[in-house]
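Each of the two complexes below includes chain A, the first together with chain B, the second together with chain C.
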Partner chain A sequence: MSVPTTLRCLVRPSVSRHVPRQVAAVVWAAPFSTSSSLAANPPKKKAGTQVASIRSGKKMQLGKFKKKAPGGRTGKAPLPGERKSVRKRIQLSNSNALPVQGLAELTPEYMADKRNAGTVVSLPGTVQDQLRVVEAFKPTQYWGMFRNPSMLVRAETVDLMSRMQQSAEKKQTLKLVVSGDRITGKSMLLLQGMAHGLLNDWIVINIPEAQELTTASTEYAPIPGTNPVQYMQNNYALKLVQAVRKANEKLLTRLTTAYSHPELPQNIPINSTLMQLANSAKEADGAWFVFHALWQELMAKGQGRPPILFTLDGLQHIMKVSDYRSAAFNPIHSHDLALVRLFTDCLAGSYQFPAGGAVLAATSRGNAPRTPSMELALSQREAEQTGAEPPKHDPFSRDYDTRVEASLKNVQVMKVSGVSKLEARAVMEYWAASGLLRKTVDEATVTEKWTVGGHGVLGEMERASLLTMRP
Partner chain B sequence: MCWAYLTRQNIGPSPIFLRRNGCSARGLLSSGRAVVSQISSNPPHAPTMPPRLNIWSACQALSVRPRSIAQWPQQCAAAQARGFANDRNTTSQRFPDQNASNLPPFAISLSAQVPAASENEIALSQLQMAAYGLDPFDSKVDGHKFGMPDLPLPRDLNHKHRYDPVVVQITKLLMRDGKLSKAQRDMAMILNYLRTSPPPKINPARPLLPGSPAPSQLPLDPVLYLTLAIDSVAPLVRMRAYKGMAGGGRSLEVPMPLEARQRRRTAFQWILDVVNKKPTKGSGRAMFPNRVAEEIVAVVEGRSGVWDKRQLMHKQGTAARANLNHPQLRKKGQ
Partner chain C sequence: MVFILGVNFNEHKLVQKALETFYALGPQTSVRILAKYSIHPRAKIGTLPPKVITALTAELSTMTIENEARRVVQDNIKRLRDMGTYRGRRHAMGLPVRGQRTRNQIETAKRLNQVERRG
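Entry: the complex of A and B
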């Protein structure tokens, strides 16, 4: 057997696997057997030959109380993956909510304009579809309560978008980590970045949940010819290529290939469209190589490539040792997974995007492992930005990881916290206009919700105002 | 009988009345000038008057001032010009589009702020007023950032009573193993389901409470939706059995009226019975609340079996109402 097949047995079975596991075809047939029931065709008992016993079906009842019939659950069991899809379903519209009059629709320059800070803007339909494909919407966000998806443009949004625009103009790569407290809107900021990129004809690649890559929930295999060994995740790569293809269809059909890719099973001649290249990933086998080829094409210089936005949510998960094991049963570091390595190299600045672009990562506070090196590196970068004394290593701790620190040497850190009262008022007026906040939005209400929401933490404000009972 | 008024303009509802019998004694402190017009020396105070409120003590408190005490209108401007406490750059230009749309206009402009020098004058004059024994502050405006609340206080102002009483009762009924927080999360999910599900189609055979709003208005008021569903299927009576009273060892069934809370409790227990028998459709924390919410929608649409339970209970009550006059029961009542 080949090595990848051997390693598959180490992986937890996942519902999203595309290749059905090969059932061992070898059937052991012993020359003789004492167990007759295991024989291929046990002789059927002839009906009527046996005399039915007089007491058939009757049993002596010994206890006073009858036992309940076993098995409480009846009916058809849900199919594999069905229950998860119900749980993860994204709903973007509520037909009961009132349509809000006078909302501006998002345009390419809207979010980079300083004058638009503190306004609510609605997402156009095409962008909604693209964002849905790249899984920018999260099931924990309150999209399903409103008539149309709309979002608040806050001061941080304008800041981030203008930085992205500047880096594209200068053909540089913005490397930025969005960090901040729980439900302050970090993932939302990434979504706004993606919407901005999609509207401005950037190639958008999104890894919606970094934990899917490192918690050993998707299959992996070593890449042949790598030293030290790197691992590819074909199933995930297939999903990613398909998402990139669907979200960036218009751009990929326009761009053409600059290299021949002999490692791909399908022959893609030079000057064929990138769409053809992306389409060649039909099944999980070899999907990583297709993604890699696509990445090389996007990095080709002098070919008129568009700017690229590469985003990842849940940075902590890729800044630790993963749950995967090598063939020698040693833990695999997350940065040895090829896709994760690609992202961390981008964050570290190893790749020069031909037309500039941005690499954005967001930390997660709800579900995240502790990563001392990442926390230290981010606080150091933050201190450097403000000119303060950067914090130092804890000399008594052994939890630090040099690879993590190296990957976060050159990033900018954007700290997200609560919104100002002006922004809170704008978003509360939107809630009231949608019919979901049944209160007069005046200064007292805004201040009340702003204070109850931990000084303008948007998620807490949503809980306090939109939900009748705070869960 | 005549009156002596001591008052000033624009100072709240605290005028001082000096009452004299049989004469007109009027001291008017108007725009800072005290004028004691006419004081007669007729017989002293009426027997009901307190001894200290005579005219001489009033004159001690009066002084003639050549300057005006204060520019009161400015104080009002200071009280009205409110801004957000922590926003230094609060201006009305941040939301230029808001006025154009249907949304309410944005915050009050801070342009009418009072310069600091006159604030001092105001404070000094207020001290002066306090020295006269007058109350210079309008308790509705001064000293409160948002003014005084209107009485009686709304129910949700007390944080212990912030939720609707029906919601509180139903949440406690949802609770298992004393986990109130989980029950509250479930309740929030139920209300969210009602908010996002399409408006119910009312079955005329199962009429809801009279005076209920149109079904299209229900989803945006989920608390009303829930209350309507529960109150509509709530039984009016329960059956009480008096053991051995019907003679021959049989129990006497008598209908008893229920309180509103009891009725709601019974109805929701019936709903929960149905829900617990339903098979779950998926995994995750939203599944139990979804089943409850589906049953509530089914109640409003008249599809639920809870209606039959209610009908049965009422039928039993009607049949057994004659037992209310049962001689044994009367004897017991005496």
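Entry: the complex of A and C
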């Protein structure tokens, strides 16, 4: 018996006879988009290419040893210290940037002259080398984008340099802390101070990162015969002596020793050059004593010593208890580390430099521990300078540190903030002349970048204008 | 390669880590030893002068570490067993000592609770 044809209507059709409704595709394109191209959806693949292989997808692992996934790490692992050296590399020139015509070169008097405020000045080659040796350049600064290292002489620069010059003329010691917001140019001001010192035949001693001294990352040892115990950091002292020796070679070969130094392993007779003394530090062992001897020589009165500039960046790090431990496992205060003590004593005014000079410190905002005493002391000094009522201790806080406050009793505070529009214009013109700012520098662009940069904060302006060009 | 207490260490190893490889010498003790000899926490074995290495060896040889420390633990267990305490018996049987259930998850107890305990 055959199936009646009427039953066929109950069978589901194998192919849908239903024709899908054609929807007219709406083609719509925005005239512009505010989302970045990276945020956009990836382009759709064509339907024809989407036929998946039967073998794709997850597979059972049968063998004991897995095959290495392709595209994994290949090549050699970097050698010890290689990544750090890349991270800390200082590049001072870029052959792709245009040379800027008509830039003045830095002279000994340049930065102390009021008329030069708001100009860009280039660093001479010898000073570049010396600054590199004392590690005045920081890897975060934008040196590597320009043909030659140049810097803006701002009002604060002129102020600082003239104060330094006055103190050297009067044979006094300028004790000054550069403070201010993030990336306003505090380290840059120190660099300018060092450049000024080097050009004017000062002895320049620089501690580029104070944290290297106090975060327990370098060797330490108690100094025998000190009470209370002080600690020397021989490895760091060696590095420092070598930097001082290289940067101030010309001066040190001219100066001669006034004392004999029986504590040194090598015999340095009186009237030998300070260079010989500095050269005696060849190994980390006893390097601190060499540095100390060198310091004593530089402090010798009536020997025709030059002015001295002693600088330190990241002041907060030496205004706290360090990460080192004493033999009895008590935390060591940073001021018990001999090198730090030397600096804080200078800052407190315990040392009289024979030919005057300056002790400069810069605070750090990007990387700094909390130091309530330092903050308070600096705001007190600042208030005293302006004649305002100085702030007082918080009576409910126990975080204050008397040693820190004592070391900051006699300092001047220089607050660094944004640059003026004139200075901003000068620096932007320099960027444009270097081919890094591809806009006409007029009132509108200057105002725009100045405003975007938080009212002329130089680092922010650089970010706003040059970040796209950064390698 | 540097020998501390007869053990050979790679020069690139941190001193603190090297000290902590000894049985019964943990972080609490190692930081105190480092402080005693003015070794900073990031120091590597290779940077230590030989004088400090010998001092460290001398220091470690006075401490109850390694086999001595293991013997102390074994003696304690033996004492419990000899007294016939419950804890002693449980050690002898290789079962949990402090009232844990024994239906499952007693692998650690099986491994560790022995009269002649090794680790």
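Just a few scattered comments:
Everything that follows uses one rule, which is that the second predicted complex is superposed on the first by the 392 of 471 C-alpha atoms of A that agree within 3 Å, B and C clash if a C-alpha of one lies under 4 Å from a C-alpha of the other, contacts with A are read in each partner's own complex, and residues count from 1 in each chain.
The rule is short, and it goes like this: a contact is a pair of C-beta atoms (placed from the backbone, for glycine too) under 8 Å apart; a residue touches a chain by one contact, two chains touch by 3 or more.
These figures come from a predicted structure and were not determined experimentally.
After superposition onto chain A, the partners chain B and chain C occupy separate space and fit alongside each other. Shared-chain residue A:140: touches no atom of chain B or chain C.
In the superposition on chain A, A:329 contacts chain C only, with no contact to chain B. In the superposition on chain A, A:216 makes contact with chain C only, while chain B stays out of contact range.
Contact with chain B, but none with chain C, is seen for A:469 once the two complexes are overlaid on the shared chain. Of the two partner chains, chain B is the only one touched by A:118; chain C is not. Contacts of A:227 after superposition on the shared chain: neither chain B nor chain C is touched.
Of the two partner chains placed by the overlay, only chain C lies in contact with A:80; chain B stays clear of it. The partner of chain A that touches more of its residues, comparing chain B with chain C, is B. Remark: least CA distance from chain B to chain C after fitting both complexes onto chain A is 18 Å. Residue overlap on chain A between its contacts with chain B in one complex and with chain C in the other: absent. Within the complex formed with chain B, the residues of chain A that make contact are 73-75, 78, 82-84, 86-87, 91, 94-98, 101-102, 104, 117-119, 144-145, 420-422, 425-426, 429, 433, 435-436, 438, 440-441, 443-444, 447, 467-471. Those residues of chain C that touch chain A in the shared complex are 12, 31-32, 34-38, 40-43, 47.
Interface of chain A with chain C (complex): residues 80, 216-222, 231, 323-329.
On chain B, the positions that touch chain A within their shared complex are 82, 84-87, 90, 94-95, 97-98, 100-104, 106-108, 146, 163-164, 167, 171, 181, 184-185, 187-189, 191-192, 195-199, 219-223, 279, 281-284, 286.
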